[in-house]
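What follows is a single structure, written as structure tokens, with notes after it.
The letters A, B and C name the chains in turn, as written, and every chain counts its residues from 1.
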Amino acid sequence: MANCPRLLIHLLLCGALAAASQTFAASDDLVVCTEASPEGFDIVQYTAATTADASAETLFERLLAFAPGTTQLIPGLAERWEASVDGLNYTFHLRHGVKFHSTTWFTPSRDFNADDVLWSFQRQLDPQHPWHAQSLRGFPYAEAMGMAALIERIERLDDYRVRFVLKHPEAPFLADLAMGFASIYSAEYADQLLKAGTPERLNSQPIGTGPFVFERYAKDAQVRYRGNPQYWQGAPALQRLIFAITADPNVRQQKLKADDCQIALYPRPVDIPALKADTALQVLELDSLLTAYIGINTRHPPLDDVRVRQALNLAFDRAAYLRAQYGEGGASLAVAPYPATLLGYNEQLSPWPYDPPRARRLLREAGHQDGFKLSIWTRPGGGPTNPNPGIGAQMLQADLAAIGIQADIRVFEWGELIKRAKNGEHDLVFMGWAGDNGDPDNFLTPNLSCAAAESGENQAGWCDAQFDALISQARQVQAPAQRAELYRQALAIFHEQAPWIALAHPKQFSALRREVKGFVLSPMGSNNFARVTRQ
Amino acid sequence: MNASTEVPVIDQSLLYPSPLKEFWQAFAHNKGAVAGLLFMLLVVFCALFAPWVAPYNPSEQFRDFLLTPPAWLEGGQAQFLLGTDELGRDLLSRLIHGARLSLMIGLASVLMSLIPGILLGLTAGFFPRLLGPSIMRLMDVMLALPSLLLAVAIVAILGPGLINTVIAIAIVSLPAYVRLTRAAVMGELHRDYVTASRLAGAGLLRLMFVTVLPNCMAPLIVQATLSFSSAILDAAALGFLGLGVQPPTPEWGTMLASARDYIERAWWVVSLPGLTILLSVLAINLMGDGLRDALDPKLKNAV
Amino acid sequence: MLSFIARRLGLLIPTFFGVTLLTFALIRLIPGDPVEVMMGERRVDPQMHAEAMERLGLNKPLYAQYLDYIGDLAQGDLGESLRTRTSVWSEFLTLFPATLELSLAALLFAGTLGLTAGVIAALKRGSLFDHGVMGIALTGYSMPIFWWGLLLIMFFSVNLGWTPVSGRIDLLYDIPPVTGFMLIDSLLSDEEGAFVDALQHLILPAVVLGTIPLAVIARMTRSAMLEVLREDYVRTARAKGLSPARVVFVHGLRNALIPVLTVFGLQVGALLAGAVLTETIFSWPGIGKWLIESIGARDYPVVQNGILLIACLVILVNFVVDILYGLANPRIRHQR
């Protein structure tokens, strides 16, 4: 009882103290407010962008790298490479003198060499490899990219030369090797772990060659790294890098303003104007490889009628949608499945206008003057392509009601949404696609081909023979001009047939304190802090 | 017997008042309870006549008036008294229509847990050998899980939505009724009137529902009021976690959840639904206090 | 007394199995499977999907899965999270201290303030203070705490800047986890000012989480106190001429504490439910958030065993309260 008043006083005192105290971060520390806990650090087991930021971008490196802020390939752990004329053999010359991280749990006895490259790929490709079965989840990225079907074998020519032999020529192969799942691990470390019977440490105490060394991770709270003093590109300016895991975008913003963190990732597009107005902050933005769309299930009548699909496109006020969803200037209106910066974009296509009377006319022509019922499917939580699923679905619902279509909204958790959409149970579904290598095919084949309609990943269930022939042909052709022409034709068919309501290509944003320099956004959506400094 | 025909002069103060009147006097004695009742009458009125009371359709989107502040603030519009939300819908209309949902959720979930709860509780009380303990163990199992987690799991199974929210809340509040009924039944079973009725040949069902149950009603009614208010809170909490009633249905908790993103720019979309929830729940709890005092003097001053 | 404890313990066993069955059934009834969720925005082809399900042992018949589960439990194996591949036990151990620290702070706040307010209100029955405290208590009891949390953050953290917005401590303090309790760890570390910083982070969440228990405890204390003050022994004590303070604290409060204790026990479940919301609002890295996310991700082992651990905790606390209650009140002990 007696300590009660004291407690009260204490509480009050703390409040006053808090007002007075201000933490000053040393200028070689950086706190980054990120969105979610990494699923783990053994990046080849995972696909989430937040996991890649916490491992592939900080701890690991690959044979090739993307030049910062671009999709252009530059040497990474391979100094140079040559491809055979038939496009089936790639020989990589590895960099000398690259050191793996030295930590309290591992001290490397040798530099990076060909064994590490072989280990990193064989583990994923070879079912007999001792580490293959260690991953309960499999290797989702490599599997999704069809790596096993592409790579015939990998040869060790000597300590510093490795040759990849492919089963068929593949234009984006080099770009694939710059992606997270192609990260290079220390074979020596892996052997030690297997001997010690602690293979799970590969995931919790990672070792790589990257700019930062792993220190500690507390789930849902923080990940701590220190700068790698032996980094072959030179030690990063940052002594300490800390990821503050902050799920709520409001809180990330508040912490950034309070200088509790110096970089806030994934700000909500609608908050951008307020962030830009704050003189202590700067906002970076970049056109990204994202497409937000609504898949129209063409297998469900009356959506099999192209006039109805066009009517849906005409009925949705996408300008208002973009304003409410992404804020002023937060996204560009989508016309095609991929943004205008990529190869073969068809400039002649003009977006479907917002024209409810014309939509009603089309419905009348199709014999649906009395309207019909539809279901709109969406997910509960926001993501980059769909920051606020709730309001999007409600806007579509209201606009469809205006042309006499009654729609009800059904919200499913992401896993269930995908499963059911794959079975084709939906009518309209809000979806997004994140391109990851900047090739048009990366947008079309997975989402709109007949094969994808078969597997269900083409939620429109749309299989157009002519369109399919055009994109298959474009996959095999090497000459960019010829490919571009094929894609232009394909896009015209897509536009006219309207299997989607293409919504937007959202921009990517990050908000930083003004004194943070050297951070660039990547079109692949990854975040790398190797070159960041604070002044 | 006295066969006199003259009307006796009755001292009014000696008359035992009618139960209803007595109840009302006890209830009215509690000023908080009366205030709560008045507020609830207002809410019920809004709920019943929402389409006529509300100035607009709660789903109508005025896309030129996104996040308009309330009328008395700078930038406010007289046509939107309490301002608009992120899709330009009139907040006042949504709150009024929300009253419907919250009352419905409260009422439905109370009924859906009260009735099975009473049945199970009676059974458990009347069959104390095998059936009773099994039922009570089952309730223990349910009580061992924190209610909100259980509700989240149930909603995850059934899918989010109005009806499923009601079901989840009803299931979660079931054990309280079962325990309460059983305890009350156990207390009554050994009373003389029950024995008398048993000896007079009353069947089991008659014993259960006609003899014993009415004498256990007081605590149940109080519990029902309490769980009415906690149902509204739970529904709002589920809505807040994105698992409750789905948009565009104007449920208060769901409104709060979607408004959370705008807390720094538009305080009213966050504050007003929350305040409405608080006031309604407070009003019901005040009424509950009054009911308890009036119905069950024994319980007076208990929590 | 021992037979009383044994009887109570006996009741726990069927409850425990009931909980395992319930959690096992619940998570499998939820539509959607973990493999799809694991793949995130990428999608899986059916063959890969089947392989992954087999790897995870999810293609076996349900009864076999349940037997596997019980078998593992018997060996103390709580399984691995499907999402993170770390053991459920170690995830629980890293997250639970945060929830416990928050809950204890909330209970401390609610207990001290609630008891004081309740006792004073009872002693000054009918006074302005009494009415005020009971009014505030009822308001607190009616509070949607997720909204309350948002309001407090807006006012104290954003507008006044008195308290931090979220988290357990400023991350520039490098506090190695020893006990998992930030207050203790910050004292153990040699970082200056870390303890005060950790305390500042704890205040708002503890107040929010403690609000409803505070209201309940204040009301309960007041009514228990009123009850006790009417009892004969209190009247006797008064008549004997004992000092009022002695009457209140020695005779009154000690007996009034018994019903309050049960409320403490009952509040544990409610506290954990409240922790889910509080942790969500304050980005507090505890088990509430963990479980909600795991349900969303269909992370079977985490949901199953995480809920099981919490249920065991609730059962245990109620068991202890039961025993204490029995100790304090012989009538209960002998009841069958």
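One rule holds for everything that comes next: a contact is a pair of C-beta atoms (placed from the backbone, for glycine too) under 8 Å apart; a residue touches a chain by one contact, two chains touch by 3 or more.
Please read these numbers as outputs of a predicted model, since none were measured by experiment.
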Taking each chain's centre as the mean of its CA atoms, which one is most distant from chain A? B
Report the chain ID whose CA centroid sits closest to the centroid of the full protein CA set. C
Give, as an integer number of Å, the spacing between the C-alpha centres of chain C and chain A. 37
Counting only Cα atoms for the centres, state how far chain B is from chain C in Å. 25
CA centroid of chain A to CA centroid of chain B, Å: 46
Residues of chain B touching at least two other chains: 156, 159, 260, 263-264
For chain C, what residues touch not just one other chain but two or more? 31, 158, 296
Per-residue overlap in chain A, given as positions that touch at least 2 other chains: 412-413
Going by the contact rule set out above, which residues of chain C touch chain B in the complex? 11, 14-15, 18-19, 22-23, 26-27, 29-31, 135, 138-139, 141-144, 146-148, 150-151, 154, 158, 216, 219-220, 222-223, 226-227, 263, 269-270, 272-274, 276-277, 280, 291-292, 295-296, 303, 307, 310-312, 314-315
Which positions of chain C touch chain A when the two form their complex? 31-34, 36-46, 48, 51-52, 55-56, 80, 82-86, 91, 94-95, 98, 108-109, 112-113, 115-116, 156-158, 160-168, 170-172, 174, 176-177, 193, 196-197, 199-200, 203, 249, 283, 285-286, 289-290, 296-298
In their shared complex, at which residues does chain A touch chain C? 1, 3-4, 7-8, 11, 14-19, 21, 23, 25-26, 29, 31, 39-40, 42, 45, 47-48, 136-138, 140-141, 143-144, 200, 203-204, 216, 218-222, 224, 240, 242, 244-248, 251, 254-255, 258, 260-261, 383, 412-416, 418-419, 422, 432-434, 446, 455, 457
How about chain B: which of its residues touch chain A in the complex? 59-61, 63, 66, 86-87, 156, 159-160, 242-243, 246-248, 258, 260-261, 263-265
Note which residues of chain B are touching chain C in the complex, please. 32, 137-138, 140-149, 152-154, 156-157, 159, 229, 233, 236-237, 240-241, 253, 256, 260, 263-264, 267, 270-271, 273-274, 277-278, 281-282, 284-286, 289, 301-303
